[in-house]
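Notes to accompany the following structure.
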Amino acid sequence: MSIYEIIGGILILIGASFLFLGGLGIYRMPDVYNRLQAGTKATTLGAMSLILGVGVVKMEDSWTWIVKMAIIIIFIAISNPISSHALARAMYHRKRMPYIKGDPDKMDAYKDAVAEQEKAEDKKD
Amino acid sequence: MKKAIVILMLAVFGYFLAITFLDPQFEAERNRDGVKKFYLDKTVSELKTANTVTAIVVNFRGFDTLGEVTVLFLAATALGSILFKKRHHIGDRTVLLPASAIVGSGAKLIFPAITLLGVYVFVHGHLTPGGGFQGGTIIATGFLLMLIAYRDFSISHNILSVIESLAGIGFVTFGLLGFMNGGTFLQNFLGTGVLNDLLSGGVIPIIYILVGFKVAAELTGLIYTVLHEKG
Amino acid sequence: MDIIFYITIGLLSLGMIFSIIRFIKGPTAGDRTVALDTMTTLMVAGLVLLSAVFDRFIYADVALIYGVLGFIGVIVIARYLEGAL
Amino acid sequence: MDTTELIRIGVYGTSILLILIGLYAVLTKRSLIKIIIGLSIIDGGIHLLLIGIGYIKDGTAPIFSPGSENAVARMVDPVPQALVLTAIVIGFGVTAVALSLVIRLYRHHNTLKIDEIKNLKW
Amino acid sequence: MVGSPVFLIAIPLLAAFLIPLLGMVWKELVRIVPGLVLAYLTFLSATLYIDVINSDTIVETIAGWRAPWGIDLVFSPLTGFLSTIMTFMGFIVWLYSYRFKRNVEFEAAKKYFIFLMLLVAASVGIVITGDIFNQFVFIEITGISAYALTAFYTGRNSAEAAFKYLVMGSLSASALLIAIIIVYAQLGTLNMAEIAANIDNMNVEYRIIAMIFFIIGIGVEAEIFPLNGWAPDAYTEAPGPVGGAFAGIVVKAGIYAMVRMMFTLFNISGPMQILIIIGMITLIIAETSALRQDKLKRMLAYSSIGQMGLVLVAFGMGTQAGVFAALFLMLNHAIIKPMLFLSGSYLEFNTKNKYIKEITGMGKKMPVVSAIFVLGALAISGLPPFSGFWSKLSVLTAAADENMILIITLVLIISLVEIVYYFRVINRLFFFDYDLEISVEPHKPGWNGMVALFVLAGIILFIGFYPSSVTGFLDLAARDLMDTHDYINNVLQLGQSIIQ
Amino acid sequence: MNYLVFIIGFLLLVLIGAALYAVYQKDLLYAVIATGVISLALTGLFLVLQAPDVALTEAAIGVALTTIIFIITIRNTVRYEDEKDNVKK
């Protein structure tokens, strides 16, 4: 096992765990803003790390891999924040209220409120 | 009642499909080679095109591609015809609120990159996956991004239709040139170069580039038409 | 090296499953779009990983294009939800 | 049952299921957009079926990039791929025309329900 | 040789791409160029056809790869015959709609003529191609131009008809694609001649399933029974000349594709009975529906479907005489039905709801057009001495040769039904009292429309009086269709390979 | 058992699930997003089945363009399958 494979492997594993955490966060977080945090920030880092790792692993054979991986990373670095921003802004303009931390009872109230709001909002479309 | 009939029909249909495709016989009796081997050999030895799929799409079955380009052309024209209104004015899109500065500058930043990517995809169509259709689609999607981000971004329909026409004429002309030079339509009449060079494959990259321009213009026009349609 | 690929594929699949659950559960359009966005990023990573697994450099093009176009799709949905398309 | 067999049955079975699901949507759904979604699901199923036909054990893509010139025996069938390429583009053209027809029907009838658009007998 | 069969496809496509540019130079060009192209195609097709009859089938390869590998175009006595009729009818339809009232606007005219030209070109493509996937592509081109033409007028319910057509069309295209997949998976080729040569290597079970999917796939274009629901609506809602183009051009291509598939591709004992059964069901249902229609174009549409059923029955006899009769019917139908549509379109031009009762008394206001309509009606119901009589007679003789009493009775009854519903219209035209309430002002036909109608009427009368002038061609075409072996030889063995 | 079977199986399940969801969802917007998910799974499948050309086409046309055109159509018409959920503008 060469040094490239070790470094690359570690990067890939880090990336994979961040991507997994992003997916988990999407599932676990209480409201849409929090989900956005998990779903875009964590996965952006994860994807970048994983892709870099793949490039590093393949660097042993040729340099073309790392160049293309760098291009993909740059694209992800530009595009993911923009899309998450656009989504957050869309949610904000739809007057989706964020969930305020508190005791579990409020969670249900929040869910009800969101459902109510969603019903009212969607009618307008 | 109606659903029961439909499900019965689907069951019959699915049964036919299943006894065809899921039968081990289907795999055992088939003629694996057919035309495949010939294509793989000739692509390397004569056309010098790295991507066999491109060679098939543009050269061996180039007539299909001509038809395919025509389908897109027709679809774009049909869209214009179907959504045609008596007083034909391309009004303002009713953009209720402009896109934020982040989306705007991001679009500005990424738009040239997307265009470049599209150009890369169709220029390298004979070497890597992709080609005219994919590259054209990518460029058109880039234009869509600009249209969404900027409310006053507009594309001249005339320029699009000129590009589209010229590219289409170029495609057919190359086919006819093949007819004049080699005796059959769409025949390759240029030197084929060395495998995996950018300048290899004879007319294949040229035709794919023309297809790329044509598809990009068509799809951009199509998106533009639909986007400015207010129901 | 293979073991790393296995673990990674497993983690990516799990992440994908969670996004899909979120996609199905909703409850609002925004949540679903976030799930789609996450799925797009996961898929880009997965495609890159697959190109490494198959050891074909040219497959990475698919990931690149998928990333770019998926992002535009998400922006279109976001603008629609904003009511500004 | 070896791996290739498993992949083959899975891919074919799923494609058939997709075709059936799409057909079900086209035949029973009452919303015009749902019908078009059904059509595109059918298209997806058929494309998958076509790619599945070309797949072979341990195959690799039919692209002679540097380093894989000698893999001819392992290359999958390029013809179905070319056909699918054509079919995808054609399918997109049809979908675009269909959606423009939907927009026009909505303009006239102010509804997407097929039951209410019946100036002609369906 | 004046050109090659490939020009039949390439030139219209070139012109279609060129027309938007020409429109910027001079607006009238968008109307003239398609006509020139269609005239050229007619000329080219006719010249090639004469060549083919005198010498041998032309097999044109594309991209320098001969038959099993590349796509090839087969211009044989049969396909040449059909493509000549189609291009000629395309030209006539162009002539008729050259100054059609609603087409005067530039943008609309541009699109209309592009669609029309591509409709003709793609239908010719369906006929002359020798590759099943290429045929699929041409079917899709035909389909999309047909959807666009159906939805051409924004004022009517045309979008609804077009949507219906589109859903059926794309479902059937999917079925066609599945059939192509089965065939390709089993035989590893897409070339028709190669398939026909190797069809015995294919399991009979898969052959039958592939054939069923093929029939579903082509059935929409060919208007066979369960798949023709789109036809009456599309014919009614489309512009008048387009109805004629559908009946005269598109359906012919569909029927051709079907019989080529049945006769050449799938060599199963029994497909002919399938054709007869499908044809009879189509015939009976369509003709009885035509009897109940109260709109002129709808009635014509059902009549057209019925005629196609009759054509299938004749093909299904599977004998030389039967095929001959079927081709004769196709020729007659290709000329008469567009004529009925074109003249009928003038008759009902100013009516509000296009009902038959609204054209009462038109015989006195528009005597020439009405006379041409009556000529067409008499000819298509098979009354002597018009051309339709000879084709029905040949069907009857072909059936008599095979002792098919059922078919003979059916054809006679159907002819009676046709006479009944056409006389209903003729009665309205000439013998009903002029009623101020429902009667409308006539539309003054342009010179171009009248020329088109007179040419068609002349052909009908000519064939009616000298049927022997076409029987030679039909005989050759029928022999060409029957001889599978010859087709395979022609396509696959070009002699020397032209691969470098 | 190798990883290919796992990946293909997973993507096939996603495919069927998304197709069923797209058919049964009443909200057309979600159904359209589900077709985007179908395209996503198809892209992955095409790549695994060694058809990068097709995967690229599906990514370009299926994921982006088709979804976008569907959404624009929904923008121009209505969002819900059931009429009663749509409030007239």
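The first chain written gets the first letter, and so on, giving A, B, C, D, E and F; residue counts start at 1 in each chain.
We take it that a contact is a pair of C-beta atoms (placed from the backbone, for glycine too) under 8 Å apart; a residue touches a chain by one contact, two chains touch by 3 or more.
Quick caveat, the model's predicted, so the values are computed rather than measured.
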item	value
Contacts common to chain D and chain F (chain labels)	B, C
Per Cα centroids, the chain farthest from chain E	A
Winner on C-beta contact pairs when B-D is weighed against B-C	B-D
Chain centre separation (chain E, chain F; CA means) in Å	38
Inter-chain centre distance, chain C versus chain F - centres from mean C-alpha coordinates, in Å	13
Euclidean distance of C-alpha centroids - chain A vs chain C, Å	10
Whole-Å separation of chain centres (CA-atom averages), chain A against chain E	57
Where chain C touches two or more other chains, by residue	16, 29, 33, 51, 54, 56-59, 61-62, 64-65, 68-69, 72, 75-76, 79, 82-83, 85
Shared-contact residues (touching 2 or more other chains) in chain E	133, 137, 140, 144, 147-148, 151, 154, 159, 162, 178, 184-185, 190
For chain A, residues contacting two or more additional chains	75, 79, 82, 86, 89, 93, 122, 124-125
Residue ranges of chain A touching chain C (in the complex, touch as defined)	1, 5, 9, 12-13, 15-17, 19-24, 26-27, 32, 35-36, 39-40, 43-44, 46-47, 50-51, 54, 57-58, 62, 64-65, 68-69, 71-72, 75-76, 79-80, 82-84, 86-87, 89-91, 93-94, 96, 111, 114-115, 118, 122, 124-125
Complex contacts: residues of chain D adjacent to chain E	19, 23, 26, 32, 35, 39, 42-43, 46, 49-50, 53, 79-80, 83, 86-87, 90-91, 93-94, 97-98, 101-102, 104-105, 108, 117, 119-122
Of all residues in chain F, those that touch chain C in their complex	3, 6-7, 10, 14, 17, 21, 27, 29-30, 33, 36-37, 40, 43-44, 47-48, 50, 52, 55-56, 59-60, 63-64, 67-68, 71-72, 74-75
Touching residues (chain side chain B, partner chain D) in the complex	2-3, 6-7, 9-10, 13-14, 17-18, 21-22, 27, 32, 34-36, 39-41, 43-44, 50-53, 56-57, 61, 64-65, 67-68, 71-72, 74-76, 78-79, 82-83, 127-129, 133, 195-196, 222, 226, 229, 231
Contacting residues of chain C [partner chain D, same complex]	54, 56-59
